[in-house]
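Read the structure below first, then the notes.
Labels run A, B, C and D following the written order; every chain starts at residue 1.
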Amino acid sequence: MEIQVKLFAMLQEQLGDSVAVEVPAQPTADQIKGAVGQLAPNVRQMVSTARLAVNQEFAGNGQLKLSAADEVALIPPVSGG
Amino acid sequence: MEIQVKLFAMLQEQLGDSVAVEVPAQPTADQIKGAVGQLAPNVRQMVSTARLAVNQEFAGNGQLKLSAADEVALIPPVSGG
Amino acid sequence: MHYLRISDAPIEVAALYEKLKDPKYGGIVTFVGTVRQWTGEIETKYIDYSAYHPMAEKQLEKLADPIEAQGARVVIAHRTGHLELTDEAVFVGVAAAHRKDAFRWCEYLIDTLKKDVPIWKKETDTDAVRWGD
Amino acid sequence: MHYLRISDAPIEVAALYEKLKDPKYGGIVTFVGTVRQWTGEIETKYIDYSAYHPMAEKQLEKLADPIEAQGARVVIAHRTGHLELTDEAVFVGVAAAHRKDAFRWCEYLIDTLKKDVPIWKKETDTDAVRWGD
């Protein structure tokens, strides 16, 4: 299935506000990160340290039941405060 | 020797801004407190929980070399903040 | 009762502090993070903050709710956009009946905000542009 | 550089906070103690604070100096005289390069102030007048 992944901070600077990637049905967070990492070699390191969020909650390590309506985002290491 | 002892808070309310007491030469803090405590039975408990200050520094347990110029005070348990 | 805000508007410390005052509380602890000039040998010129709205606000609520459930009041404001030296980036305030709790909770909130709230800083230093700390 | 004051004048939190801002510092922690209405079953109407001047100021200096020697800035104000509910009795602020230090030092200062600085409160509650805590 194809999903849209929202991007922020340094990832957004490299790839734009969001990217479309092809992932297996019920993908894991690591599979989604892997798909985004393959879009450009210079973002692989950034993607590896990012966390996945689904519908604005951090996602766990298991398989994700995603539908087209779900909001998927990659959260690079945060640095507020 | 006779010394003046400054008083504060509940002790000041009971006995006034200061009292004169007769103490041995080079008295200890406990001897000074004892002398003040004998002025009125209702202050003995308050005096026992107070600390002695000489020249605006808390005094130790040893003998104090006091002269007439020294400022002696009883500091009831503080409660600022 | 909590007040949580992430916005480009400057952080008004005095107004945020006022929100914490209440006859119920005896101790108010606040943390303010400001833009510092030097970090070791690195000199910062300015910082731009961005956030993932409204996930960042939701994360703040998750942090504040359990503390407010214990009777305290929480006020958090984080600024986004362009900040100059000494500008306030974040305000975290806790009012509680007892000061030990206010200290513990205030520090917990800023520590956790720095780990789990999707806000990012892009630091423009004299020698380079840096993301994150 | 520290600012230490014990006086009948109302505590101006915003002005005291401003004294802590500096490009050198990234973290500012403040504690404000206000007059609380209820302590268990006891209802406070107002509080009168008194101090032993200038011993109290000297004690504050002794507390602040070692912290400032480590590069931080300390601002402490304690009010004396008559205070009503929610009035600020004490302000303790520490600005430091790093927030952990600012939290530790601010809490140390208020804890130690409450033990070693000759200031007394006389609390007028609805049922009685009480000295101390």
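Following the convention adopted for this analysis, a residue touches a chain if its C-beta (ideal position, glycine included) is under 8 Å from a C-beta of that chain, and two chains touch if they have at least 3 such contacts.
Note that the coordinates shown come from a computational prediction; the quantities given were computed from them, not determined experimentally.
Annotation of subunit B and subunit D: not jointly contacted by any chain, touch as defined at the top.
Taking the mean Cα position of each chain as its centre, A sits at the greatest distance from subunit D.
Centroids built from CA atoms put subunit B at 71 Å from subunit A. A straight line joining the Cα centres of subunit C and subunit D is 22 Å long.
Per-chain Cα centroids separate subunit A from subunit C by 26 Å.
Computed centre separation for the pair subunit A/subunit D is 48 angstrom, with centres defined by C-alpha atoms.
Counting partner chains per residue, subunit C shows two or more touched chains at residues 33, 110.
Across the whole structure, chains are in contact as follows: A-C, B-D, C-D. The residues of subunit C lying in touch with subunit D in their complex are 13-14, 17, 21-38, 85-86, 97, 99, 102-103, 106-107, 110.
Against subunit B, the residues of subunit D that register as touching in their complex are 33, 49-52, 54-56, 58, 78, 89-90, 110, 113-122, 131-133. Residues of subunit B touching subunit D in their complex: 6, 8-10, 53, 56-58, 73, 75-81.
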